[in-house]
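The next part holds the structures, each set out as structure tokens.
Consider the two complexes below, in which subunit A is the common component and subunit B and subunit C are the respective partners.
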Partner chain A sequence: MRHARLELWSRGTSFAHRRHPAAKILVTLVFLIAISSLHPSQARAAIFYFVVLTALASAAKLPVPRVLLAAAVVLPFACVFALMSFFAGAPEKGIAIMVRSWLSALTTVLLMATTAQPDLLAGLEALRVPRFLVQVMQFLYRYLLVLIEEAGAMRAAAASRAGKASTLEFRRASAAAGVLFARSWGRANAIHQAMTARGFTGHIPRFRVLRITAADVWFVFGLVGPVLAVRLVLP
Partner chain B sequence: MHIPDGYLSTRVWVITDLVAAPGIALLARRAQAKFNHHLIPLMGVMGAFVFAAQMINFPAGNGTSSHLVGAALLSCLLGPAAASIVMTAILATQALVFQDGGLLALGANIFNMAIAGVFAGYLPYAMFRGSRVGLFLAGFFSLMTAAVLALSELLISGVAMPPAMLSVSFAWFLVSAAIEGALTLAVAVALERIQPGCLRKPVAGGRAWAVSGLAAVLLSSAGWLFASDRPDGLESLALKAGISNRVTSLIASPFGDYQASFVANPRLAKSVAGLAGILVIYGLCMAISRAIGATRREGA
Partner chain C sequence: MSRIVEVRELRYVWEDGTEALRGVDFDLEAGETVALLGPNGSGKTTFALHLNGLLKPTQGTIKIDGLPVIERNLSQIRRKVGLVFQDSDNQLFMPTVLEDVAFAPMTSGLSPEASAEKAMDALRLVAMDHKANKAPWHLSAGEKKRVAIAGILASDPLLLVLDEPTTYLDPPGQRSLATLLSELPQAKILITHDMPFARMLTKEAVFFQDGQIAGRGPVDQLAAHFNW
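Now for the complex of A and B:
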């Protein structure tokens, strides 16, 4: 699983891992804004961002080649658009799209690789994302793997029982989705009962309280300054 | 249909983020007021269910297979406000964990799929009072609206696309929308059989008809409005001809007022203004969401 690897990386203890999640989200957004507005002629700025992001990855003691590869997930889709720009007579726009989307994905991968999921959600909440939405995201993430595994097991069971009877396949798949839904629904009710029994009133307590430190402030200004300066000054 | 980062122009992602952020804050408030915290685990697990249901392959003819997108199904199961929140949580998780869709483009993706897509799915469902036709149309319109909006946003952003590609993508949208309609119907029928009464019966009444009809027209015309903002896109769709001057107009027009003036004016001043504008808009976005959040806490 791709995100199992991200979760493995995000439990580190480097300088980047220890920063407040809200600070990291802010820096990520500034990077993304600067990258998304890159013009095809601004190759130097693009190279600068690539160097900074790679340096951050190695400072966070992440395996740099594998981080770069994880961000390359977006490239096949970008290639399609690059080809279309090529046929529409604007190849430089296609290349710009590939560079921008890869650098953006690299930024997002770095955020995820240095921030554990509960911390990320706490950061979102600190940035005033509605708490209701954040809690739904928390449950979604928690049961994602559980239900995906259940769907996989059901698929294996169905294939071993019925083989490849193609006339029945559509009905079988919709019935599988129905069964999966009924199980999920039942599971959700059981979860809610268990939570109510433990005194859930709409707020989930945290083990560790996150505080903004001086290092977080330095981290934000130390990165936002150069990123914006390069974007504004370099032609 | 998940737009990644790096494709949308600054104008487009700023505007869509600006629409999506307060929209989702409002919908979160509505869903919460209606259901209280009882719904939080249910909505999270439903989001995980849609993820898992996307793993089930449906044969789509010619040996290809397809999977459910789920926005319409969610709106029939949970109602539009809660379905929007679940779809938003799904999109955010996809963007963060799977690099499926961008973070700056998250506003655009939320607007297309979680807001417009969910409501375009709920309206026909409510209009036909939850009948089978309504379920099919829910899936169809939900996917079609989201796809047309996504394509329009890409075109407005100045993504270069040969004119022939436009008609190909429209044909592709029609096919996928019909498949999504069929899947929504099939899964909903299977659900009804396994767990009767799980689909939410839409509120009946003459007013609901009128309101939903009106809103449906508004939504579909909004999609076309986006497209016709750039008339050459539609023209080329009608003509299907790859004439080169048409291609150049396709590329030139979206860059007309923004990028071209970007180059003509002193670049530094212009980009400072642009970035400052983005920061101000983001601040506004936060302030609006915060104000809504504050009133919600007082009310709770």
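Now for the complex of A and C:
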């Protein structure tokens, strides 16, 4: 299962893995704001963020090339908007869109690759995100995996009969989407029943008690300071 | 022996008007094991879902260990009745085996340390303690089934309800599961089409047909009577 890769990475024991999830979410937010507000002319700042993020991935003992590749998943979408800028006569804006998208995705992948999903939700709760929203995220994540699994099963079934599942035309794909929804609904219902049967009442208890340490504080200030400074100072 | 399950005149009608259960009476004593047999759609799983309060009866009453299955008793009922679903993948949703098994104790209010201890005890019972830190999706079908059972045992249930427990298991996995289940002291309800498996675990069966119990008695006698 593809989603298992991020889960596996998130169970490491590096310095980055051990940081409090709320600290990592804060740092991620600062990175995202700094990156998304970069001006097309701030190439040096973009390079700095890339170096810092790559160094963090390496320090977290993650396979850097695969992390960089995982972040590239956003590029096809960003490419559409980049092309629009190219055709509008602003190629530098197009390049900036691609770079910002990739760096933002890289930041998010790093957060997910160093934080187990229940810890991530605990971090959001610690940051006072409404519990209802956290629950929605929790289910979204679980059911997204269901959707991926069901889509994979349908694709295999189609391939076994048609031989060319990868070249399904749009009409057939749209019909398959309806079936996928129905199947996923059934699976999601079964999962909810299984959770309810085991006493689930809307809140997944945290197995580990997470406490903010001095290292977490250093982690936040050690990264937030340079990230903001570079954004504000470097041309 | 004390009565663990007491069901009277249970009726259930689905939203589309289909009558799934039509007046079921059923009793089970502590430590007893019974197999629920019958064709697909005869109401076996619908019946099982009522025992844990996942479905509300249209009519009739259910008592578990003397406690009526009603809204305000549901948290107690769900600790007493452990449902093991057909597809273990639906049942295992935490990132590691240990966290998954500890889910019910944690939900019931035990501390993380006490829950972990309880979960390890349950994992030892099903011989899966060495996989405690693995992700559930890295396990084989037989291992997932054992972990799903451990997840139920961790809440010290009085009754285990297993829906098609041998699905996805190879013959050695089925035999090993039968051995494990036969060693557990809880009362058990096995919903199964697998007759050899049913025979390994119990001599008594109930035959469901059209939402009713059409017969109860020795497994072989019922199988012969209903040409099963």
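Just so we're on the same page, the second predicted complex is superposed on the first by the 167 of 235 C-alpha atoms of A that agree within 3 Å, B and C clash if a C-alpha of one lies under 4 Å from a C-alpha of the other, contacts with A are read in each partner's own complex, and residues count from 1 in each chain.
Throughout what follows, contacts are C-beta pairs under 8 Å (C-beta built on N, C-alpha and C of every residue); 3 or more make two chains touch, one makes a residue touch a chain.
All figures in this text were calculated on a predicted structure; none of them were measured in a lab.
Contact with subunit B, but none with subunit C, is seen for A:177 once the two complexes are overlaid on the shared chain. Legend: residue contacts after superposition of the two complexes on their common chain; A:187 is shown touching both subunit B and subunit C.
The wider contact with subunit A, measured as residues touched, comes from B rather than the other of subunit B and subunit C. Look at A:54: by the touch rule set out above, it reaches neither subunit B nor subunit C. Legend: residue contacts after superposition of the two complexes on their common chain; A:36 is shown touching subunit B, with no touch to subunit C. Contacts of A:144 after superposition: subunit B is touched, whereas subunit C is not reached. Shared-chain residue A:128: touches subunit B; no touch with subunit C.
In the superposed model, A:201 lies in contact with both subunit B and subunit C. Subunit A residues in contact with subunit B (one complex) as well as with subunit C (other complex) are 142, 187, 191, 195, 200-201.
Against subunit A, the residues of subunit B that register as touching in their complex are 4-8, 10, 13, 24-25, 28-29, 31-32, 36-38, 40-49, 51-53, 55-59, 68, 85-86, 88-90, 92-93, 95-99, 102-104, 158-162, 165, 183, 186-187, 189-191, 193-195, 198, 244, 247-248, 250-251, 259, 262, 267-268, 271-272, 274-275, 278, 282, 286, 289-290, 293, 296. The residues of subunit A lying in touch with subunit C in their complex are 1, 4, 7-8, 11, 116-118, 142, 149, 187, 190-191, 193-201, 204-209. Only residues 2-3, 6, 28-29, 32-33, 35-37, 39, 70-71, 73-74, 77-78, 81, 84-85, 87-90, 93-94, 97, 99-105, 108-109, 111-112, 120, 127-130, 132-133, 135-144, 146-148, 150-152, 155, 166, 169-171, 173-182, 184-185, 187-189, 191-192, 195, 200-202, 228, 231-233, 235 of subunit A touch subunit B when the two sit together in their complex. Those residues of subunit C that touch subunit A in the complex are listed here as 49, 52, 54, 75, 78-79, 83, 85, 87, 89-91, 93-96, 98-99, 102-104, 106-108, 112, 115-116, 135, 137-138, 151-152, 155.
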